[in-house]
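Same chain, two partners: subunit A is paired with subunit B first, then with subunit C.
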Partner chain A sequence: MSAYKPLGSRIVTPPFIALGVIAAIGFFFLAMRFIYGMGSVTNLNGAHAWGIWVVYDVVVGTAFACGGYALAITVYVLNKGKYHPLIRPALLASLLGYALGGLGAFFDMGRWWQFYNILLPWNWNFNSVMLEVGLCVLTYILVLVIEFSPAVLEHFGAKKLLAVLNKMLFFFIAIGVLLPTMHQSSLGSLLIAMGYKVNPLWQTWQLQPLLALLTALCMGFSIVVFEGSFATAGLRRPSETPLLKGLGMAIVGLLGAFLAVRFITLLVQGKLGLLFAFDFASFMFLVETVLFVVPLVILLSPKRRENGGQLLIAAVSMLLGGALYRFDAFLITFAPGVGYSYFPSVPEIMVTVGLIAFEIMAYLVLVKLFPVMHDAGHEA
Partner chain B sequence: MKRRDFLKAAIGGTAVVALGEAEARANLEPAPEAMGMLYDSTLCIGCKACVSACKQTNGMPPVIEEGNPQFDSARDLSGDTLNVIKVYLNGKGEHKDTVSDGYAFEKRSCMHCVDPGCVSVCPVTAMRRDPKTGIVSYHADACIGCRNCTMGCPYNVPQFQYNQPFGQISKCQMCNQAGVGRIDKGGMTACSEVCPTGATLFGPRDALMKEAKRRLALKAGEVTQFPRGDIRHPFHPHEKAAATYQQHVWGEKEAGGTNVLHISAIPFDQLGMPPLGERSAASISEGVQHGLYSYLALPAVALAGLTYLVRRNTNGHKEGEE
Partner chain C sequence: MNEHDIERLERRLGMSRRDFMKFFAGLAATMGLSSFAAEAMAEAVAVQRKRPVVIWLHGQECTGPSETLLRAEHPTLERLLLDMISLDYHQTLDTGAGHQVEAAKEASMAANKGQYLLVVEGSIPTKDGGIYCKIANKTMLEHTKEAAENAAAIIAFGSCASWGGVQSSGPNPTEAKGVHEILPGKTVVNLPGCPPNPYNFLATVMHFLTFGKLPALDAQGRPLFAYGRLIHENCYRRPHFDAGRFAEEFGDEGHKQGYCLYKLGCKGPETYANCSVIEFNDISGGTWPIGVGHPCFGCAEKGVGFTKPLFSLADVKTHTPPAMFPEISQRQGSSGVGTGAALLTGAVVGAVVGATAMAAKKLNSTGDSDKQG
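Let's turn to the complex of A and B:
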């Protein structure tokens, strides 16, 4: 019998209603976008063709949704079975995060009614990084649905279907590791073709996919730690710190590799001098570096990583650093030409905030109704 | 497999492939019968006849600013503007084609890159480079509106119609789009046809390149003939003293070169041209992409390995056990 149980507590709570109001505001502006066009809601312009709907919802949001990916590698590839209790909540968060990314990509599409064109093989341009990202993300959302479906099938007691699914699940898990490896690295590769528009400190050319993949993994492990700590506090679950600190060690290795690759690349490409330009870009780079060093300092100390609070700080700092790395490259230091600037409009921000609120609402409903959280009696 | 070994292998593999294969593709070469335009900033008088003719040909409305309907006031490319003349102004702005206290004009429109970024990045092949003429065309029936073309264009040329609920990308297609087809019929672009001074000259890229280099070799003040319209059979040329040209044909080499060439008396960076090297970003991007995904070989091998490991590990332990 499954060791997972629905939380079963009340769904409609004051925070839930507050989230609903925020989501409703977002959906209002989203409706405007479809009726009057993107210009009526966004601040996009002739050179800033991608705003926060692409950069947050897809580029950063899917990295936040890499928890399921990171844990699948840990549990099923590296065979660390003790982390199994964490996997269902992580998969659910990944599913919701990627669904938000897919939805964001859809309503950001200028010609959304023709979205199916990307599914038609005779349209495919194999030179395009975007083709790989689009197809891969779409497929991965379906894989996540399959990976999460045991929780739903258990709830409805569909035992036969569950047995069939369990026999094939290993293959979907394997694809579920491959696909994020592909599209998370490709999210970095998208920057290559933008050439000079990407600030030299972030335009690492051939190293873009590797750096993007390493940050995605770091953020994936961090989001599991974050969600674990948050669920402990907010949903009054028993502490999972002993499990989470092990994930902290994974972050140390990956983050160390990221920083090493990043600085060596700057050295080889002759850009280290730009760090001392004391301009806006070098300042943003410094902020990122501080955010990356904080988790390293915390997680390298055996005493600190035993402490749940410190662990949470490390995870949040890593998530902010990873998000800022992508925001900086795609938006904040992005310079497409003289005379163009972009800052998202309030309605544009509200659409993204509303969707995040909706995502959290969906998470709360699902963990309360379906067997997602590991049984409270569990000890690691 | 130990975690460390796995990570080492994964990171090493990606790095080796990315670095090793990335140089695989060189810039594309000009199309065999590449057609283009030569814009000579020193001949341009800023009359914007080209802007008007472009709008007529493409059925696009003028941009009206400050209630003045006589002139199209478009300041930059947009969903309704494929071609625009911009002004360079310095100090008192008294002398044409002079860097300090001078002024000059510069044309903005699709450069029809030899190695076009928009074509390279488009996931659904909505941007196409004609294999014969090199003209870069747009196909709305395939386009999903992701606007990666704008992001991948060094000149920010493809413009989405943000003001419409069912918009599309707008860009110059050298007057050869379906329904216009001027070039296929042996004609020239509308902007070249109406240009009174020959500042915008149409023709084969080779011939235009030769003409551009002839002009750069002139001594300042030397009187010469400037053809108008189509360089293959020009309208009556006009005589004028040559300006002091910068010794630079924009589009000969920039990011693989362009079919629309510019020459000017003002350095191009001051006219707002982007900082481009000779290598096209598209060629680097495609090198990485094909290095990682050619024939899907690498993903297939990875999937086989992952399937083996996951199957072994899911059989080895049940939920929640070590």
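Let's turn to the complex of A and C:
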């Protein structure tokens, strides 16, 4: 029937228990947040309304979760069927990543009990970027559930339902390509809305959506490489390097475009001089650029591309660069007003780390129970 | 508009072209229309060869709506009524009296059949055939029906004419009603308020003169440009409401600080009007009830003004305030990076880099042999 098989190995392993401990600490602080309020757990203040819960869980986390999006474009839009074996794990990671993003937005909300209002059309403000992001992410989580559901249905042997779903799946796949294009670019638009609070090196105005979309795609492909590599190294799966190196080429193109747009924009907007101010912002920009250049250098060489280890380093560097790009713009160099500063508190970080740990645990359980991973061999 | 028109206009209105255009730009802005609309309205007044006829009736009321027009500064009442429109009948402003003025009204209505604008202020008593309000030996009920018959448009100005106002609350001994209630099937523009805002009236009239039709109305016949939103929605004290800062009693600390008046019985959350946006009397600076520290009493809203107790809590149409608000303390100059947090961040980044290095090493050692999997 399907070439996907559950791994079937033991679920409770020492790393799994370690992750469980971290997740438990995270959930403890999350409970504190709901009992005693945001102030007791976070370092947020009147000017920094968005801390790591939004910037990591939503802004960066959803970009990490773009693997499903990037692969859906590759497989279904560009019709490169050979990458199909990678799609289910990627969709699963996307689903978990986006669910974390949605959850993050929820518990970061000061008055979370008003959350339901986003579903009431008469409350919508069509000029709001946040509305677009919120609704789009919410819808996309549902679409991801549907896109991933064949794996669950196969497991339970619901053949009839599966047949019906397979007939309609193309529709959801199409939406699954459209929605991330919308909200990932809107994450850039959020920066436009923040105006001059965003450091000039990151404030590219009209090009924000394009840059956000390019980094999201780069990070999407990188996360597939990352997951594939770790599945090989950690879960003793066969190497997927032959497939992954093709994705490396996609990263090269997109990353090249990103860097070109970015530097040309700086040139046109007359901001290149800021790079040589040698202040904190220019230093962060430099770190980012190095992280972006490393994958470019590695992936441009066919020989290095063949090497699984090098490929992973390139992907991780890309992921860190993309994450730092968003962290810098939204948080690190963000200047909401004189006298304000923000650095996440330990409980705040632990909530995020705990949720990531939980996400990995969920991923491990699901790939072991459900047919997610492709059966050995990529000849198909 | 040509040179001649402008010259004539300046002479007629005694105002410069610039003032004239400024006035219409302001009116257009009140309605949320563009500057093109302002120009069109200016042209409608400037080029109009015959001024539009207005018949103005008074029922049971305090002449508040006419009074409110006295407070309009651009244009002033006399300029509007004597120069821009032809006010053929208005009981409190007419020079003539008795049979003479009634005859003039009849004549004007006959001559301008189907073209005059009917404005009604005051409610209309309906009990016992409407005998509780008579003008020239005819009931207000008859006057209104008669004048409405051939009117091009009907405007009910003020809460009394719109829905009965103060006379319709309580025992309502005269069975006072609003204009639209006694004219079923006719479109009546309601401009409630006690007093109503003169600029909503001027804007509605100018819209009618310019475009030949009435502005968009809501289900209760109120123009959406003025009554489309709750006072609450555009209230300058709204942020206090959202943050849970309320004046608890008159003169307390919150009241002095200008906090939200909801708990003092402000009816802004259930009253549709634009008071919070355009205020009153053209002097700005918060010249309207909430602006001077008194809760809105909902004068424009049927079932609220003159009906609900003055200081009872409003029935909030949008979101009711939660019982508990999160503390929002301003941590200006907050401590910055904590040692533990910095260590933890370092550990997380380190773990990612370390795990990557390990995995990369493992992949390098096994990569080639596994290629065919």
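Going forward, the second predicted complex is superposed on the first by the 376 of 380 C-alpha atoms of A that agree within 3 Å, B and C clash if a C-alpha of one lies under 4 Å from a C-alpha of the other, contacts with A are read in each partner's own complex, and residues count from 1 in each chain.
Throughout what follows, a residue touches a chain if its C-beta (ideal position, glycine included) is under 8 Å from a C-beta of that chain, and two chains touch if they have at least 3 such contacts.
A quick note: this is a predicted structure, and the numbers were derived from the prediction, not measured.
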### Task
In the superposition on subunit A, see if there is space for subunit B and subunit C together, and answer fit or clash.
clash
### Query
Touching A:Phe170 in the superposition: subunit B (first), subunit C (second), both, neither?
first
### Task
May I ask you to decide whether A:Gln206 touches subunit B, subunit C, both, or neither, giving the answer as first, second, both or neither?
first
### Query
In the superposed arrangement, does A:Ser341 touch subunit B (first), subunit C (second), both or neither?
second
### Query
So, does A:Ser128 touch the first partner subunit B, the second partner subunit C, both, or neither?
first
### Query
Looking at the overlay, does A:Gly110 come into contact with subunit B only (first), subunit C only (second), both, or neither?
both
### Task
Using the superposition on chain A described above, determine whether A:Gly253 touches subunit B (first), subunit C (second), both, or neither.
first
### Query
Should A:Ile146 be classified as contacting the first partner (subunit B), the second (subunit C), both, or neither?
neither
### Task
Applying the touch criterion given at the start, work out whether A:Val353 contacts subunit B, subunit C, both or neither, answering first, second, both or neither.
second
### Message
Output check: A:Ile313 vs subunit B and subunit C. Expected answer is one of first, second, both, neither. What do you get?
### Response
second
### Query
Between the stretches 134-142, 278-286, 332-340 or 350-358, which region of subunit C is in steric conflict with subunit B after the superposition?
278-286
### Query
Of the residues on subunit A, which ones does subunit B touch that subunit C also touches?
37-39, 45-47, 110-111, 113-114, 117, 339-340, 378
### Task
Spell out the part of subunit C that touches subunit A in their complex, as residue ranges.
319, 322, 326-334, 336-338, 340-342, 344-345, 348, 352-353, 355-356, 358-364, 366-367, 370-373
### Message
Per the contact definition, I'd like the list of subunit A residues that touch subunit C in the complex.
### Response
37-39, 43, 45-47, 110-111, 113-114, 117, 229-230, 232-234, 238-239, 241-242, 307-313, 316, 320, 339-346, 348-350, 353, 376-378
### Query
Can you list the subunit A residues touching subunit B in their complex?
2-3, 34-40, 42, 44-47, 49-50, 75-82, 84-85, 105, 108-115, 117-118, 120, 123-132, 134, 169-171, 173-175, 177-178, 181-182, 185-186, 189-190, 192-197, 205-210, 213-214, 250, 253-254, 257, 261, 336-340, 374, 378
### subunit B residues within the subunit A interface of the complex
1-4, 6-7, 10-11, 14-15, 18-19, 22, 76-78, 117, 119-125, 140-148, 150-152, 154, 156, 159-169, 255, 272, 274-276, 281-282, 284-290, 292-293, 299, 302-303, 306-307, 309-311, 313-314, 316-317, 319-322
